[in-house]
Structure formats: C-alpha cells, structure tokens
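In what follows, chain A forms one complex with chain B and a second complex with chain C.
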Partner chain A sequence: MVVKIIQVILSPVLALAIGVFFLGLARKIMARIHWRYGPPLIQPVIDMIRLFYQKSVSHGRMFDLGIVLSLAGSIVVVLFLPFGGIAPLSSSGGLLVILYVMLLAPLGMALSGGQAANPNISIGISRKLILSLGYELPLLLVLLAVMTRYKTISIVEVVSAQQSAGWAFISFPLFLSGISYFLILPAILGIRPFDVSSAPQEISSGPMVEYGGKYLALAHIEHAFVLFISIALFVNLFLGGAANPVIFFAKMLVVFVLGLCINAVFPRFRIEQAIKYLWKWPTLLAFLGLIMTLIVRS
Partner chain B sequence: MSLETLLIIGFGGALLTYLVGKTSEKVRDFFGVAVSLFLVACVAYLYGKPIEKTFYFGFFGLGLVLRLNMLSWFFAIGISGLGALCTIFSLSYMKGRERTDFYYLMMLLVNAAMLGIVLAGDLISFYIFWEIMSWSTFLLISYNRGPALAAGMKYIIMSIIGSLAMLIGMLSLYTTYGTLNISEISAVIASASSGYILFILIIFSIAFGIKNAVMPLHTWLPDSYAEAPSPFTAVLSGMLTRMGVYGFLLIMYVIVGAASALNLGSGVFKFNYILAWLGAITIVIPTFIAMLQNDAKQLLAWHGIGQGGYMILGIAFGTSLGIAGGIFHTLNHAIYIVLLFMSVSAVQYRTKGERDLNSLGGLIKKMPIAFVGGLLGISGLIGVPLTNGFVSKWLIYKTLIVEGYPFLAFAALIGTWGTILSVYKFLHNMFLGQLPEKYKDIEKSPLSMQLPMIVLSLAILVFGILPGIPLKVINTIGTSFGFESLNITLWGITSDTGTLNTINIFSAVLVAAVLFWLLFRLGAKSVSVAQDDSYAAGAHTPADKYHYTAEFYNPLYRMIKPFLRDVIDEFYYWIASLVRSLAGRVRRIYTGDVGYYVTYIVLFLALLIFIQMRWKIW
Partner chain C sequence: MDRNQITKWLKEPAKMANKYSLHAIYFCTGCGIIEVPPVITARWDAERFGVIPVATPRQANLFLITGYVSVKTLRAIIRTYEQMYEPKYTVGFGSCPVNGGMYWDSYNTIKHLDKYIPIDGWIAGCMPRPEAIFIAVTHLWTLIDKGMATGYIRYKENYKSYRRNQEMALGKLQWPPLHPIDSDSEEAERD
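Coming up: the complex of A and B.
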C-alpha cells in the first residue's frame, strides 16, 4: 500500500521532469541543427516559474477549468502507463482506457481555448482536431495489432509478453506497426512538420494565443506531459518497456532524439498535406501489420 | 399492481389529458406530468416481479398476453423515465403554441404504446402497440407542417414497409406453429430448419432495422429528427428508435434463442456476423456525415444513427460482454442523446428557433445549465471516461479485440474519433466562441427545462462512475438469454483479459484536478476581459462577426465530401420518383370521364371475343 502511494506520487513527478527535460533538449538540439548555440537546458523551468508570477487575462470559467481538466487527464494517463516497473493504476482498464483518457487533454485545451472568441484559436483547434483524426486512423490500427497479437487489452501484459518473447519492434508482423507508429509520432507530438495547430508564424500559436502568465505555464506543463506520454507509450508497446526506470528513460531518450533529428529539417505541412501523408504510408503499413497479425494468429 | 392497470393508466391518462386540456391548460400540464411520473413509479414498483398473464382470449382464438421480465422491465423504466422528463421539458417549450392538447395526447400515447410493446407477451399485442406507436409518431413528426410533413411521410412509408415485413413473419409463424405467444414459439422453434429460422430472422430484421435505422434502412431518420418538435425529438431519439434494439433482442435471443441465432451459416457468412458488419458500417458512415452538418438537430440525428450501430454491433456479436455492452449502450445513448436534444431545444427556445450552428455562439455565459448539459452529453456521446458512454463502448471494444475481430473494433473506434470532431463543433458553435450581438440580452433557460437537464447530467456521471448499478440488471438479462454471467462489481468488471475499474479513474482525475486547481489559484491572479478584447496581432477587431466557425473543418470537408453522399437515400428517392411517374401514366388511363371507361369496357370485351374466336380457349 505504502509502495503504491509512493508510486502514485512519484510517477507524475518523474514524468513531468522527463517531459520538461525533453522540452529543453528539443530547443537545444534544434538550435544546433540550425547552427545556433541555443538556450540552456533548464530554460523551460525558468520560463515556467517566471510565467507563474506574471499577469494574465481570463475569458471565463471554462477558460480556467479547461486547462485544469486537460492537465488532470494527462496525469491520469501517466498513472496508467507502466514506467519501467512503476505502474500504479495500470490494472484499471488497460490500453482502451489510456486511449480514451488521452482524449481529455486535447478536449480540455479545446474547451478552454474555445471560450475566448479569437479566430486564431478556432482555426488552431480545427486544425488540431483534423490532425488528430489523421493520426488516430493509423494509431488505432497499430494499437489493435498489438492487442490482437498479445490477446489482451492490458498494457502490463503487453510489456511482460515482450520481456519473455523479445521486443515487438523486431518481431515479425509487429515491426510494420512499430514503423508506422514511429512515422506518426511527430504528428502526435505536434512538432514539425506537423505543427499546423500552433504554427506561430501563421496563427500566433493557435489555441494558446490568449494564454499568458500562469495559463501559458500550465500549457507548457501540459506539453511536457504529452511528450512523455506519446514516447512512453511507444517504448512500452514496441521496445518492451523496461525493468527499471533508468533503462526506460534511456530508451525514451533514443526515440525522442531520433524523431527530433529526422523531423527538424522538414518545413511545415499544410493540414491537407499532413492528412494525405498520414493516411498514406503510415496507414498502409499499420493496415498491413494488422492483417499480418491476424494471419499469424489464426 | 397488474400490467393491465399500468397500460390502462398510460392510455387512459393520455386521453384524459387531452380532455382536461379542453378546459384549462394549467391543469392539463399538471395532469400530464402527473400521469407520466406515476407511470415511472408503477414501473419502478414492479422491479423484479416476473409476471405473465393472458388478459384477453377472444382475438380469433388467440390469447393476448402481457408479461414482465428483466428485459422488459429494463426498457420500461427507460421509456417511462425519459418520457416523464421529456414531458416536463415540454411544459415551457410548448407554451403558447397551437394544438398543444393534441401534442400532449400524442406524446403520452407514444409513451404508453412503447410500454405496451415491451410488455407484450405475444406477437399480436406487440404488433398492435407497434402500430399505435408508429402512427402517433408520424402525427407528431409532422406536427409543425411544412417540411415536417415530407419528413413524416418518409417516416411512415418506411415504417409501413417494416410493419408489413413483420406481418409476413407473424403470419408465417402462425401457420407453422398455430400460436403467436412468444414463450410458446420459443419453446418449439429450436427444432425448425435453419433455413426457416434464417427467414424469420431476416424478415423481422427488416422491421426492426428500419426502426433502429440500421444502414441501409436509415434514411427516414435525419429529416424526422430535425423536423419533429424538439422535446419529442428527444423521445424519438432516446427510446422510440431503440424499440428496434428491443426487437432485435426479442427475435434473436428470446424467440429464436442464442444457440440457433448465433450459428446460422458458416465462416464469414453467418447471420450475426453480417449483422455485426452492418452495425459497423452504420457506425462509421453516419458519423462522418455528421461532421458535414450545420444544423444542430441534423448533426445529432446522424449521431443517433451512428450510435445505433454500436448497439447492433454489440448485440449481433453475441458474447456476454457484447450483449451487455449493446444493451447498456441503448440506455446510455438514450440518456445522453435526450440531454443533447434538450440542450438544443433550450437554445432554440431562447433564440426563437435558431438551430443553425453557423449563426449561434458564445451562449455559455447566458445559458450555463444548457452548456453543462451539452458538455456532459457530448462527453457521453464520445465516450470520455467517467461518463456512461465510455463503459458500454469499453465492453463492446473489449469483446471484439479479445475474440480476435480487430477490424470490427477498428470501425467502432474510428467512429469515436469522427464523433469528437463533429460534437466539438456542435458545442463550440453553440456555446463557445463569439456571442453574436443580437443574443446579448438572452435569458437562461426556465426551471422546467433546467430540471430534466440536471437529472440527466447526473445520470450520465453516476452511470459512468458506478456502472455496476445498471450492469447488474443487464447481467440478469444476459444470463436469461443463456450467456455466462459477468463478474460485475459496483465500479466495473473484472476478468483475466483486462479489468475495468472506474472508481480508480475517478479518484485519480478528481485528485489531479483539485491539485492543479490549487496550483492554478496559487499563480498570479488573472484579469477577466470582454470577448472582443483578444489578441489580433495589432489588427482592428471588427464590430460584427469576426470569429471563425462556419465551415469549421473546411480542409477536411474538401477531402472527404465527395465520398460522403447519402447514395442510399438518393436511390430510394429514385425508386419513389419511378413509382410516381408510373402512377402518373396509370392516371392518364383513369381520366374520370365515364365515356372513357365505357370505351375501355367495350374494348376489353372485344378483346375477349377476339381471343375466343381465334383460339377457342373457353
């Protein structure tokens, strides 16, 4: 019981730390690719603390509550995701619940932003939702392939099955699904070339345009959680999770840096181009992966 | 309390309400609500008391039977409960309109007829109540005249086709077994050939498929939902359409029985497998069509079709989890769709009938209860965890995945993601975003509208956090069909292949939300600003509408619109126009002039004489 309580407290804190670290790292790596020096690694932390003490505007009750809802949703996902042996709530409904609780975060942001009558926000939200429909199509096929392969909807079972039988990423039918997930990862994270919904030069950060002060700080925290969740999900499903948090973190780091380096050099897609891309190669691979899985299973 | 009394109260109450309305409107309102509430109390009282009773012997030698079991009780409580809430909701909505007595008569009549359907113990009474329901629904759909007449006509034509199919099935059953009593038929039908059982299933599936709007029999639904008076649309979408689900359960698992119904055909060509795929198609296509709608009620109507697909998918799949999911989803869907239609009607009521999503907006501060209703409604519709829709969908997904049908599961899951897009647009364009100048002084909804919305909002949360309450009843229904019992706790389901525990999710969300709320309060205080005080990169904010809500998903529209024509509806219209032109030609012969008819008769006689002279066949 005590161990469980410690885990419940520990895992969101770790997730936040890793997510924030990734935010800093991303800026640094991007800067180096652009031949700049870049800000220090802890710049995101400095920004957040500073923002908390700055003035901000509110557009109403939903504007405040939406962002809280979104963060709460992210925390719950973190509690459901096994993190190198730490998995406090993972037995409460498995992957299906994770998939659905992951909805709370964008929904909360959309509700919060929605209350401010700013055209940039509604354009950003519209793009974000279209993009999420775009990547959900392959993502669902990928997750279904994994669940069908291991005949379970529990993510802990998926991890333990891989620990005895080897990583899913290098096993026969699932490597297709794994590649597909890796291809859509930048879209899930909303980083280039899929940063259509924030698009700072175009629609002034989209859904976040009205955020200032503590709202912006919380939005950054939310972003950190999203980074953690999407990469941790990949590590759990395809790289066999890990027996302890350190190895888990190492795996996450490799995935993140690889993804960042590949995508840092692309210019931004338009939303139609993004959808066309997502519904072409990743979907095709994921579809093949699922069919192969069905054939292998029967 | 006997079942006859219950129905007499239902039907008699409806007629009395009409008569009372002739004297005083106030008394009528009170009386109508009292009748509907009393029905709820009666049904609740009958919980867990199985009854089967023949109340009339004289129908051509066949007994008319009423019976109550867990299945009918489950539907009866849903019908009476939602019926009562919708009647209360109607009070202010219908105030000051014409023909209100007639409206209440029909509303209560539909309610009583639906109770009759689920309580019927033989197919004749089932059919009689079914027809009363269909016809009174037709009258209510066309209540507003104008385009509503066309919608009602479409409904009643499809409904009659369904009824005729059902009649053929009943006649066939009667000639084969000499009885139409449901329990008597179910005792003997197991020995019938599989071909005959298939015939019975298909012919009844046409009737119930039309009622439940399963693709390709769905075309009556969007227009009818949109054109009916809004409180009645709530009844129509909540329970009336779902009489189809009850019908499917009745024919597949009560009359034919699970053992025969799930083993017809072989491989992928099994009856229930094909039905499950129809359900899956019914989920995907309407959900994406819903995205294109700009009319709030049309949008919800298309979701009504789509969500019906989940029920059919779960029921047709035929595992204990699937059946439980399908039945539970019927209840959940009824709760949240009624709430959503109420939310729309509350807005309509205050904005003088506006339901175009492109011209509303920003009503959250003006109508907070309607907004909360809308928010919880769409959360249930999406299936956000901690709302009721999540649990039933979880049950269906889980059984599909674990049994190894990922493509069916994929259809069901992608339907959810399509739903998010359209319902966010629904909520955003009505309640969020820019408040138009003309709605600046709008008032919040009256109490008789708020009350049902609050009750339903609470129901969504309670069934989402403690799904064990309804699932216990549903589990009894499942076991009565011969499925194995599920391992149900108050907050979920336990099993080897994955457990659901909603109370864990609930506590986690609650604690996290409270913590972040505190963190939020700790930060520097924020200043409340007016809606037009927003960042526009230095540009001037125009006085009139500047917000981007019309064509909300334009990039996506452009990509998917060519694929989303309702081809089936067009096909039906093509048939209708064919029949009409045929009838037009026939009419040219029947001119109404006696001279022509005399000519026809003479010509016909001449033809007969000619034939006789030439071939001598008589």
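Coming up: the complex of A and C.
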C-alpha cells in the first residue's frame, strides 16, 4: 500500500522530469543538426523559471481552468501507463481508459484558448482538431490490432506477453502496426511536419498566442507530459516495455531521437496535405496489420 | 559566460532566469530586421545565449526596435509594448530610433523613440553588424544584474508624460491607458 502511494506520487514527477529533459534535448539536437551550437540542456527549465516569475493576465475563468483540466488529464494518463516496473494504476482499466483520458489534454487547451477569443486561436484549434481526426483513425486501428493479437486490453499483460514472446515491433503481423504508429507519432506530438496547429510563422503559434507568464509555463509542462505519454505508449506497445525504468528510458530516448531527426529536416505540411498523408500510408498499413492479425489468429 | 554561478541562481532565480531567457518578439519595424535572420540561424546562433524569436508579445520579454520608426509603426510598437508582460526590456537597433538618423528631417518618422516608450539600451550604427546584437545582449545582462534595466518601471512611473508624447505624435489614442493616470496630481500641478 505504502509502495503504491509512493509510486502514485513519484511517477508524474518522473514523467515531468523526463519530458522536460526531452524538451531540452530536442532544442540541442535540432541545433546540432542545423550546425549550430545550441542552447544549454537546461534551457527549458530556465525559460519556465522566468515565465513563473513573470506577471500574467487572465482572460477569464475558463482560461485558467482549461489548462488545469488538460494538465490533470495528462497526469491521470501517466498514472495508467506502466513505466518500466513502475505501474501505479495500470492493473485497472488499460488501453481503453488511456484512449478516453488522452482526449482531455487537447480538449482542455481548446476550452482555455476559446475563452481568450483571439482569431489565431480559433484557427489553431480547428487545425488541431482536424489533425487529430487524421491520426485518431490509424491510432485506433493500431490499438485494435494490438488488443486482438494479445487478446487483452491491459497494457501490463501486453508488456509481459512481449517479454516472453519478443517485441511486437519485430513480430510478423504487428510490425505493420508498429510502423504505422511510428509514422503518426510526429502528428500526435505536434512536431514537424505536422506542426500546423502551432505554426509560429503563419498563425502566431496558434492556441498558444494569448499564453504568457505562468500560463505559458503550464502549457510547456503540458507539452512535456504529452511527449512522455505518446513515446511511452509506443515503447510499451511495440518495444516490449522494460523490466526496469533505466532500460525503458533508453528505449524512449532512441524513439525520440529518431522522431527529432524527422522533425529537423522536414518542412511543414499544409493541413489538407497532412490529412491526405495520414489517411493514406499509416491508415493503409494499420488496416493491413489488423487484417493480418485476424488471419494469423484464426 | 557565467552560467555556473549556482549561488547567484539560488539567491536571485528571477533575475538570473530573466537574463538567460530573453525571448525577442519578432516584429519588423524597418530595414534593420534584415540583420536578425542571420543572428537567429546557423551563422550566428543566438539560441546559445537563450535568445529566440517568438511570434506573440505575450510570450516575449525583449523588444528589438529594428530601424526607422514611422508614425504608423509607432502605433503598433506602443500597442505591442503594452501587451508584453513585465519584466520586459527594449533595445533600439540602428541610428534611426536614437535620433532620427538619415531620416532626421522626414515628415513621417519620429526622431527620438525614447520619448514614446522607455528604451533600456541602444545599438548605434547604420547598419550595426549582427555581432552588435550579441554585445547588446551581454550589456543587457550586466544591466539586469545591476538592476539598471528598469524601462518598464520608468514607463509605469512616468506613464502620464509618455502618454502625452504618444498623443502628440499620433493624435487621440484608440486604447485605454495601461496604467492609471492620476488626474488629481495633474490638477495639483496646475494649482
């Protein structure tokens, strides 16, 4: 019981630390790919300290509550995700709960931005929702394939099945789903080529346009959690999880750096190009993976 | 570079974080903005100093006035400056904001920018090299360290005279005053 309470408190803190580390690493690696020296690794922490000390103006009650809602949703998802051996609440619920609660984070940001009534925010939110329509379809097919293959909705059981039978990413029918998930990972993270919703050059960073001071710091923390969640989900479902947090972290690091390389060299899709891409190759692969899984199983 | 001053960080985290996280609002007022793209990209990488451009005034705390300021631009500059959250710093870039520069007798540019918004530092020259921006940033660090980069406090204290200058240049302003203008003290002065 005591161990469980400690885990419930510890795992969001750990997720936040890893997410913020990833934010710093992203800026450094991007700089090195551009042949720049780049900021120090702790630059996001410096930015957040600065933002928390800055004055800020609220645009209404929903503006405050929406961002808290999205942060709360992310923290709840973190509790349901096994991280190496640490899995505080993952024995109950499983993938279905994660699918539902993951929606709270973009919803909270949309509610919060809507209160500020800036036209750039409305454009950004509509792009974000269209983009999520694009990647939810292959994501659901991928998760369906995984659930069908292992005959369970619990992530812990998926992880333990992979530890006895090998990674899903290199097993026969599921590698199609794995590739599909990796192809939509930039869209879930909102990084290039899918940063249409937060494009600074087009719509003044979209939903973030009215955030400043502590609101922006909370939005950065939210982003760190989203980074952690989507990559940890990939590692759990396809790279076999891990027995201890260190190996799990190493796997996450590999996935993240691969995603960053895509982020560093690609330009931005327009929104209709993004949908066209997302509904073509990743959906096709995910669908193929699901059918193959059904054939192999019967 | 004094990045490893841990005792300073523990003593004054706000001041140190303000120093090393200067987010510049990407606002092109004149020809000087042509020097900024090389500064933020691969040739002179400003991000290693923590300086990055941001798209909105809410996220920014550094305002680079790059080049001449026409009367129309002054309106946008004042609105942008007032939308930034405190503490905020402004740097005039090039000769024109200092004293009019080559536009000193132009009918539609303003001569002295610091009559309208407070300026924490100047970069003289026409054009200044991109390196001058880094020198300005390091000077701004020194000013923040010594507590001398107090433009936003001066703006608050002398808001009445700033507002009067702005109204002299632009006519009637369409937005309400940022800080309360104390009308009682005005009457007291008249008496």
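We adopt the following convention: the second predicted complex is superposed on the first by the 298 of 298 C-alpha atoms of A that agree within 3 Å, B and C clash if a C-alpha of one lies under 4 Å from a C-alpha of the other, contacts with A are read in each partner's own complex, and residues count from 1 in each chain.
To be clear about the criterion, a contact is a pair of C-beta atoms (placed from the backbone, for glycine too) under 8 Å apart; a residue touches a chain by one contact, two chains touch by 3 or more.
Here the structure is a predicted model, which means the values were calculated and not measured.
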So, on chain A, is it clash or fit between chain B and chain C?
fit
What's your read, chain B or chain C touching more residues of chain A?
B
Based on the superposed arrangement, let me know which partner A:154 touches: chain B (first), chain C (second), both, or neither?
first
Answer with first, second, both or neither: which of chain B and chain C does A:34 touch in the superposed model?
second
Touching partner for A:110 - first (chain B), second (chain C), both, neither
first
Now for A:46: first (chain B), second (chain C), both, or neither, which partner does it touch?
second
I'd like to know which partner A:209 touches here: chain B for first, chain C for second, both or neither.
both
Report for A:229: first if it touches chain B alone, second if chain C alone, otherwise both or neither.
neither
If we overlay the two complexes on their shared chain A, which of chain B and chain C does A:55 touch? Say first, second, both or neither.
both
For apex chain A with the CA centres of chain B and chain C, the angle to the nearest 10 degrees sits at 110
Please indicate which partner A:72 is in contact with in the superposed arrangement: first for chain B, second for chain C, both, or neither.
first
Distance floor for C-alpha atoms, chain B against chain C, superposed on A, in Å, equals 5
Residue by residue on chain A, keep only those touching chain B in one complex and chain C in the other, then list them.
53-57, 204, 209-210, 213
Can you list the residues on chain A that touch chain B in the complex?
12, 52-60, 62, 64, 67-69, 71-73, 75-76, 79, 89, 91-94, 96-97, 99-101, 103-104, 107, 110-111, 114-120, 122-123, 125-127, 129-130, 132-133, 136-137, 140-141, 144-145, 147-148, 151-154, 204, 209-210, 213-215, 217-218, 270-272, 275-276, 290, 293-294, 297-298
Within their complex, state which residues of chain C touch chain A.
3, 13-14, 16-18, 20-21, 23, 41-42, 45, 47-48, 50, 54-59, 61, 84-87
Residue ranges of chain B touching chain A (in the complex, touch as defined)
361-362, 364-365, 375, 382-385, 390, 394, 397-398, 401-402, 404, 406-407, 409-410, 413-414, 417-418, 420-421, 424, 427-428, 432-435, 492, 497-502, 504-505, 508-509, 512-513, 516-517, 519-520, 522-524, 526-529, 531-537, 546-549, 552-556, 558-559
Which residues of chain A touch chain C in the complex?
27, 31, 34-40, 43, 46-47, 49-50, 53-57, 200-201, 204-205, 208-213, 216
